[in-house]
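Quick one: structure below, then a few questions.
Which chain is which? They are A, B, C, D, E and F, in the order written, and residues in each are numbered from 1.
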Amino acid sequence: MKKITQILFLFSLLSFTTYAAVNDFCVADLKGPDTPSGYQCKPPNTVTADDFVFSGLVAGNTTNTFNAALTSAFVTDFPGLNGLGVSAARLDIAKGGSIPMHTHPGATELLILAEGQITAGFMTPFHLYSKTLKPGDVMVFPQGQLHFQVNSGNDKATAYLAFSSANPGAQLLDLLLFGTSLPSDVIAQTTFLDVEQVNKLKARFGGIGIADS
Amino acid sequence: MKKITQILFLFSLLSFTTYAAVNDFCVADLKGPDTPSGYQCKPPNTVTADDFVFSGLVAGNTTNTFNAALTSAFVTDFPGLNGLGVSAARLDIAKGGSIPMHTHPGATELLILAEGQITAGFMTPFHLYSKTLKPGDVMVFPQGQLHFQVNSGNDKATAYLAFSSANPGAQLLDLLLFGTSLPSDVIAQTTFLDVEQVNKLKARFGGIGIADS
Amino acid sequence: MKKITQILFLFSLLSFTTYAAVNDFCVADLKGPDTPSGYQCKPPNTVTADDFVFSGLVAGNTTNTFNAALTSAFVTDFPGLNGLGVSAARLDIAKGGSIPMHTHPGATELLILAEGQITAGFMTPFHLYSKTLKPGDVMVFPQGQLHFQVNSGNDKATAYLAFSSANPGAQLLDLLLFGTSLPSDVIAQTTFLDVEQVNKLKARFGGIGIADS
Amino acid sequence: MKKITQILFLFSLLSFTTYAAVNDFCVADLKGPDTPSGYQCKPPNTVTADDFVFSGLVAGNTTNTFNAALTSAFVTDFPGLNGLGVSAARLDIAKGGSIPMHTHPGATELLILAEGQITAGFMTPFHLYSKTLKPGDVMVFPQGQLHFQVNSGNDKATAYLAFSSANPGAQLLDLLLFGTSLPSDVIAQTTFLDVEQVNKLKARFGGIGIADS
Amino acid sequence: MKKITQILFLFSLLSFTTYAAVNDFCVADLKGPDTPSGYQCKPPNTVTADDFVFSGLVAGNTTNTFNAALTSAFVTDFPGLNGLGVSAARLDIAKGGSIPMHTHPGATELLILAEGQITAGFMTPFHLYSKTLKPGDVMVFPQGQLHFQVNSGNDKATAYLAFSSANPGAQLLDLLLFGTSLPSDVIAQTTFLDVEQVNKLKARFGGIGIADS
Amino acid sequence: MKKITQILFLFSLLSFTTYAAVNDFCVADLKGPDTPSGYQCKPPNTVTADDFVFSGLVAGNTTNTFNAALTSAFVTDFPGLNGLGVSAARLDIAKGGSIPMHTHPGATELLILAEGQITAGFMTPFHLYSKTLKPGDVMVFPQGQLHFQVNSGNDKATAYLAFSSANPGAQLLDLLLFGTSLPSDVIAQTTFLDVEQVNKLKARFGGIGIADS
């Protein structure tokens, strides 16, 4: 009895502590609209420990074109990350597989190699920054840079990825160049690829291109 | 048929790519509320190329008190700028005209002179940073500084402006000092202007002053 | 008559000035949802001078366990602070009282001593940064650091606090360690406190511990 | 003996704790160059508690033109504020005095009235946000807005100011308009003031105008 | 004489105004080191109006492979932009020319078409956002997105570009893919291009590839 | 020969590409001073792929007081992270071990459990957010929150950590409370711990306390 009174007393004296939950985190309400700084916050009194845990950053199925799988824990998967400027993913690449050239327009990527061997790199004009990584190596791909990861070993490779954004995006170069309705001659003019090459890859990647104009 | 299957297959493998549109841009829903980081985003699936293009950054009508016109492409004109930290405007000043002293409280301004001659400058206490510009000159006015632009040539002048904010604001000094209900004696006391001068300019700028208190 | 016409004329020429209120401030609509950058803005045309003034940063009642009181002017008390990155509080400590160890996870604190004598400090591993302050002294507690304030004089002490966030939070260490449902043995294991000590303080602070899981 | 060994042992195991001082604060080396994010940091091992305390935020001498004094605790006065986004000042205004119209181009200002009566306000185009404040009132002046403070009571007034920047700047409008070498006719053209008024105030404020061009 | 005294008096009372130049801008000392927030600042007392003006944003020579020229006013060209988050460029494209596919990893681009006709666009996976622009149109290319500009008219085209960074970078896709020492088979594996196509373009762009490892 | 000429030609036309390396990354010069935004950048022409790779994020030695080891890849270990807002660490906890209560004042932490079982949590006043994690689970600890990790399984546990800062710091609560020269009675007063308990833990953690004042 005395304890309850004391606690209520504490509350009245230190009522400012009740605001702590408001600003110390902002779990995304994914049903609401997004803003430039992230999603609206769930009401603090509905937040539970489950909002801060994501389950399922496990090996993806690599029996596909790339012999690779990326499993993401971005804010759209894991609302607790909202506004906190960090997210994660898991990369599994079967022998001979690769993650093709891609960018994250709004995030730096950190790759922690857990198992196997990966050759990875990014490029700036006329410069290649590439290394063959072994377990325990960490490589950083600065924000917005075009980069790739190839399994260059004899077994499968597993890596954990961290990003400097809760929603880093991921843009595969082939889907940008060959997955839309951009006419082949414009692609050829602005990439110096031969039109035949462009058409061949449009056939592979471009069938659902949507012209937004 | 095979292509469709393959693409769906890609989708299941690379479903993370579908989030790209969520975070790579945030086109403003101007009917919704604003936030400190900008407006809420339109649903990504309703965004089209038109959201990223603004038409009408053309010469304004300069037959007015200032012999000048400013045409803006701010986020409230051009929702695609939301959250991107940049906006634009066009400045046309007839011979003898000027853009009076003003500030942008939340943005740096960059002026690119396309045609004519402008003398522009900004001030810090006891220091003037002023130059007469010719076409091809670019001048920067750091965030929040009081600045002015005068057509100092013999023909009309045209400039393009860029701002370091999607919504830079623009506050003409005369509208701040003489366009509100602030009593003339308080203005005089806090500016050292003579009351007669204050009253004269209040008559010119202050008729619709609204006392918010 | 002429004035009205002129003003309307100004409006059409300088209609950009009407946007000023949109971005120059963003008074919180506390009934709406929060976002990572702060609350949604009230419609600019409903904003008045009262939104920019908070009344009541006066001496709190110090007849309590701590012999101290903290009165806050955070965004949840004072909506005009929304998005502006600053807030305030007033600290009153009776003779012999103290503000116990606490952190502000998202803000730096500045303490301005107005009256009396306070001994204050913060710690990093193995380092103590502590001073006894007299009126006119200002002390800074960098973001997220554990810190304390003790009235070390013979009279009451009064200080004004400023924070580098509109919503700095305030986490009393005892409420974190002894105010939740975290089992005593886990607390003991992760703090090296004796279980008896933990139980004693849980009895004092922990009665309403809520297990969120 | 055992303790020393244990501590060294802790050091080797938890050597990461030794970096704490590097990033938890960055006390300015004011003799070194400034950068856009603030001054270079002093070596962490030379930092003491004194770096986090500023002494002298006391009443200034108000026997001057303005009957007012501003005492600042900005980063250039108080190196411990470097990079922390907050600073402070003290305002003393004698009866009849005022702080004239001014802006802080890079900071929001919070005014806490401790003693006396101040009428303060800021303006956006056509709007005045003004209030008469009593002790315990707090008023916020959003970043970059033109504002003023007048002692409207019968006694001296004292206020504490907080800013959302370690180096907020302070630009008195009269020093911008009348304290530089900007020619009187250009001032008149871009402010609509009469040339006689401009000349009168240039004589008062402009004697040391320096033309930087 | 009286004036000098008065001004010195002002200085002693308002000495805070002398700091204004420190923080209101930070002109780059390009001979010093860069930091993540930009270059070190030149000493404020060496800054002149010339530091805030760049001359030469004029038509470049378009008689080259691309029939296009980009003239930049980035911080490395124009030190006054340091820390201000904005820069500019001019684009001239002869009939039939284009700016090939490229990204700015750290900046949003705004294109203001001044003369001629340009078809421009950017892509996200499976989506094209493209338009044909006429003079007075403004198009925004969000940060880090792959984009292109083609002169689709019958005359030369001129555009002004603004960026949301003082140092936006510019990475031509062909120089990333075909201008380094990345082996052709790795390029082929990570782009799905044919090795013959890769070799053909490496011959065109890759002769000075430097392997940084 | 023709190729070389062509490349030089490209260089003169597209000389802007040479700036790319300046701003796309900023590898730390750890011998130079730190700034609030990070270390000074190494000259871009001395940067190699090795700057972007850290080797040694392997299992640490857990035969110590905590039965746990934290191996860090922070900017002071890995200069390529400078300015990029992300870092990593590896956590190994033997059976029965734990990482005691600690905070990262300037970073959110993401924990990816790779092997074993960990019970982890963080607290806000009166609220516990705690879960028992299995491999593939990811938990987020928002910036500045007090948190802990306990091996609650029957085998060793391994986790990878990502942080939203290149230099997150790490402050063990016991080293803050009991590792400095703060007098035991002040600790007792500001934590409500018994003096005997404080003395006991000071003996364990406090031998090298340094009074910085």
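Basically, a residue touches a chain if its C-beta (ideal position, glycine included) is under 8 Å from a C-beta of that chain, and two chains touch if they have at least 3 such contacts.
In UniProt terms the chains read A, B, C, D, E, F = Germin-like protein.
In this text the structure is predicted, and so the values were computed from the model without any measurement.
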Other chains in touch with both chain D and chain E: B, F
Interface copy of D-F among A-F, D-E or C-D, judged by whether over half of the contact pairs recur: D-E
Same or different contact residues where chain C meets its copy chain B, judged by the half mark: different
Pair joined by the larger number of C-beta contacts - C-D, A-B: C-D
Rounded Å distance, chain C centre to chain F centre (Cα mean): 26
Rounded Å distance between chain A and chain D, as computed from the means of their C-alpha atoms: 41
Inter-centroid spacing, chain C versus chain A (mean Cα positions, whole Å): 34
For chain A, residues contacting two or more additional chains: 17, 20, 24, 35-37, 47-50, 105-106, 121, 124-131, 142-145, 171-172, 175, 204-205, 208, 212-213
Topology of the chain contact graph, where touching chains are joined (line, ring, star, complete, other): other
Contact pairs between chains, per stated definition: A-B, A-C, A-E, A-F, B-C, B-D, B-E, C-D, C-F, D-E, D-F, E-F
Chain F-facing residues of chain C, complex: 98-101, 103-106, 119, 121, 123-131, 142-146, 148, 150, 171-177, 179-182, 186, 189-194, 197, 200-201, 204-205, 208-213
Contact footprint of chain A on chain C as seen in their complex: 33-37, 60-61, 64-66, 69-70, 72, 74, 76, 89, 105-106, 165, 167-172, 175, 203-205, 207-208, 212-213
In the complex with chain F, residue positions of chain D that touch it: 3-4, 6-7, 9-10, 13-14, 16-17, 19-20, 22-24, 26, 29, 32, 35-41, 47-50, 82-83
Of all residues in chain F, those that touch chain A in their complex: 14, 17-18, 20-21, 24-25, 47-50, 52-58, 73, 78, 80-81, 84-88, 90, 108, 110, 112, 114, 121-122, 124-131, 133-145, 160, 162-164
